[in-house]
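Each structure below is given as structure tokens.
Shared between the two complexes below is subunit A, which has subunit B as its partner in the first and subunit C in the second.
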Partner chain A sequence: MATPTYDLLESVTLTSSAASVTFSSIDQSYGDLILTLMTGNDSGFSRQNYVYLNGDTGNNYHYVAMRGTGSVAASFSGTDDTLVQAGDSIRSKNLGDMNWVVNLFDYSATDKHKSVLTRLTNLSGASDAAAAAASRWANTAAITSITMAPNNTTYSVGSTFNLYGVAK
Partner chain B sequence: MAFNLSLLGGAAGGGGAAYDLLETTTLTSSASSVIFSGLGSYSDYAHLQLRMVSRSSAATSNANINLNFNGDTGTNYATHDMEGNGSSVGSGSAASIANIRVAQNVGTSIADAWPAAVIDILDFSNSSKNTTARALNGWASSSIPRIYLRSGLWIDTSAVTSMSFALSSGDFIAGSRLSLYGVK
Partner chain C sequence: MTMTLVETITVGSGGAASIEFTGIPQTGVDLQLVISSRSTSSSTLGLIKINGVNSGGASGYAAKFLASSGSSAFSGGDSFYARAFFANRSTATASTFGNSLIYLSNYTSTVNKTWSSDSVEENNGTDAYAAIIAGSFTSTSAITSLSVLHETGNLAEHSTASLYIIS
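And now, the complex of A and B:
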């Protein structure tokens, strides 16, 4: 018997600039989470988009990413980082928003580190890039909150953040 | 509240639920393969999506996750991939092979990482097209991290009625989870 399973848990559309957005008290009854972001920032420049799990800002995140810019394909990685690195910066609002689809697997499990797969795209019209990344939070705790924050700036008005639960 | 969605996470409102959980296998002991059979009963769905978190029992840092359709182990498959290893991006392909190398996995050579994959099988019940699959897959480890985009082809126009997932090295260990969804 099929089970309807892709449920909207939380949704935020900014009506004023915000330094961060947090989804907390996340429902623990699903298998995976899918986070979608369509974000710009107010700096006028590219800025990294930080994602923290359970408020953990320690050196507990690992990542590998690849991206193609139309002329160059590159890959980079990091260990013992302080955030879920998705491999690129969000663009400033005037250069166009950036979209992310972030998959967080077995987020409520307490016996394994958390795996994250991300697809993201710059929509700037300049410095366009398509990218994908794998990340790991080196912690077996269930994910109960997700905080997103641009580096040293604010998210611009109209940025959207949606969190979905996928049943297992 | 249930929402429609397009493949790989896009969501759209309106209508009834269009993305349904069909089956889940969570291993309580190791298994050499995981098979989803009886897929003909899901022919009211257009596409299938498999979401997977798994590890291998072998002392390997990179094992293929091989996909076979309808029990066909002939050399009727092809695969393409793009891989990021943290320092460079590469691409590979293979044709006339005995399965789709739809994703990659790790074993005891890589501690703590649980490779994940999202695999889409398009038009699986269509009997006039060869069957194609695509995947986003990867893991982040202190050594040998990988991110993949992969695609595969089964050169057969039969409707897909079963799918088998097996590793090229070792067994899926306990705790591995494979969840199958239908997309209308």
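And now, the complex of A and C:
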């Protein structure tokens, strides 16, 4: 069996604070995408990360999710959300508090809605949890850009964002 | 820029207290650990050890897990142990092993290290767990060594671990 190949398409490590990071003009020749984030923010507080596909901030994201806080296990779902869900608020305060791995399946297809599977490690000291979510972006367009932005603050220096293509 | 196998280690006859990856090349971005594991004890919980630091006390490890047994969901974790995977226990049906995939981000960075894990163990229909695990290690040092071990007991013969660098 051939060894699965990840190609690092784009990698950003911030050398100055930024209100958002966008991977644009994403190579359409791969089967799937994997996005990994490790971020902090400049607010001094735990803040949510927003993630949008193709710049879409409309009510077009649907999800089912689960979350474990260490004492409570929960499952929940939603429709018509405005961002990709992670199963929990994708909070980050300090670098190294969180780890978010996102699989985007068949992202270049133009005949189907896009499925997104996420796994979240959040040990920031605020709403600590292990969480996962399955989301659907109700759009048949190929994913050509991914935008990440913290809520009402900026990403801190050293935040990293990696986008991999998984060979077909 | 690829996913590159660093090494696969298989536990031999008699079992082993741990599987050790040392001298991890610092050329990658992320690490992925794939584990097939069975314990010699009644515990199903597995740990990782980063840079030789043991779990417990003020070690800097923390973890939370969310698990499903097929009939119920539960969550656990603490601030002392580097819980990272589930394995089949010693009383499980012969030749059954748990499977886990652990993803560690930015392992050469100077910020704290985190991992996420997908893990399953199943014992011929008598018990089964599917789990996700979130873990962190408070250390600014790059990860140069990783150990795979069980919370109690040893790794049984034929347990394997493979380490990949994603670069």
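Couple of notes before you dig in:
Quick note on the criterion: the second predicted complex is superposed on the first by the 156 of 168 C-alpha atoms of A that agree within 3 Å, B and C clash if a C-alpha of one lies under 4 Å from a C-alpha of the other, contacts with A are read in each partner's own complex, and residues count from 1 in each chain.
Keep this in mind: a contact is a pair of C-beta atoms (placed from the backbone, for glycine too) under 8 Å apart; a residue touches a chain by one contact, two chains touch by 3 or more.
Not measured: the values here are computed from a predicted model.
The superposed arrangement places subunit B and subunit C in clashing positions on subunit A. Residue contacts after overlaying the shared chain place A:5 against subunit B and subunit C alike.
By the touch criterion defined above, A:36 reaches both subunit B and subunit C.
By the touch criterion stated above, A:62 is placed in contact with subunit B alone, subunit C being left untouched. Of the two partner chains placed by the overlay, only subunit C lies in contact with A:129; subunit B stays clear of it.
When the two complexes are overlaid on their common chain A, residue A:162 makes contact with subunit B and with subunit C alike. In the superposed model, A:112 lies in contact with subunit B only, and not with subunit C. In the superposition on chain A, A:70 contacts subunit C only, with no contact to subunit B. Of the two partner chains placed by superposition, only subunit B is touched by A:138; subunit C is not.
The superposed model shows subunit B running into subunit C at a single listed stretch; among 6-14, 24-32 or 168-176 it is 6-14.
The residues of subunit A shared by its contacts with subunit B and with subunit C are 3-8, 36, 66, 68, 73, 75, 101, 119, 132, 162, 164. Contact residues on subunit A toward subunit B in their complex (touch as defined above): 2-8, 31-32, 34, 36, 62-66, 68, 73-77, 79-80, 101, 103, 105-106, 111-113, 115-117, 119, 132-136, 138, 162, 164, 166-168.
The residues of subunit C lying in touch with subunit A in their complex are 1-3, 5, 29-30, 62-67, 73-78, 103-106, 109, 111-116, 118, 132-136, 138, 166-167. Taken in their complex, subunit B has these residues touching subunit A: 1-3, 5, 8-11, 17, 19-22, 24, 26, 42, 51, 53, 82-89, 112-118, 136-142, 145-147, 149, 175, 177, 179, 181-182. By the touch criterion stated above, subunit A contacts subunit C in their complex at residues 3-8, 11, 36-38, 40, 66-73, 75, 94-101, 119-123, 128-132, 158, 160, 162, 164.
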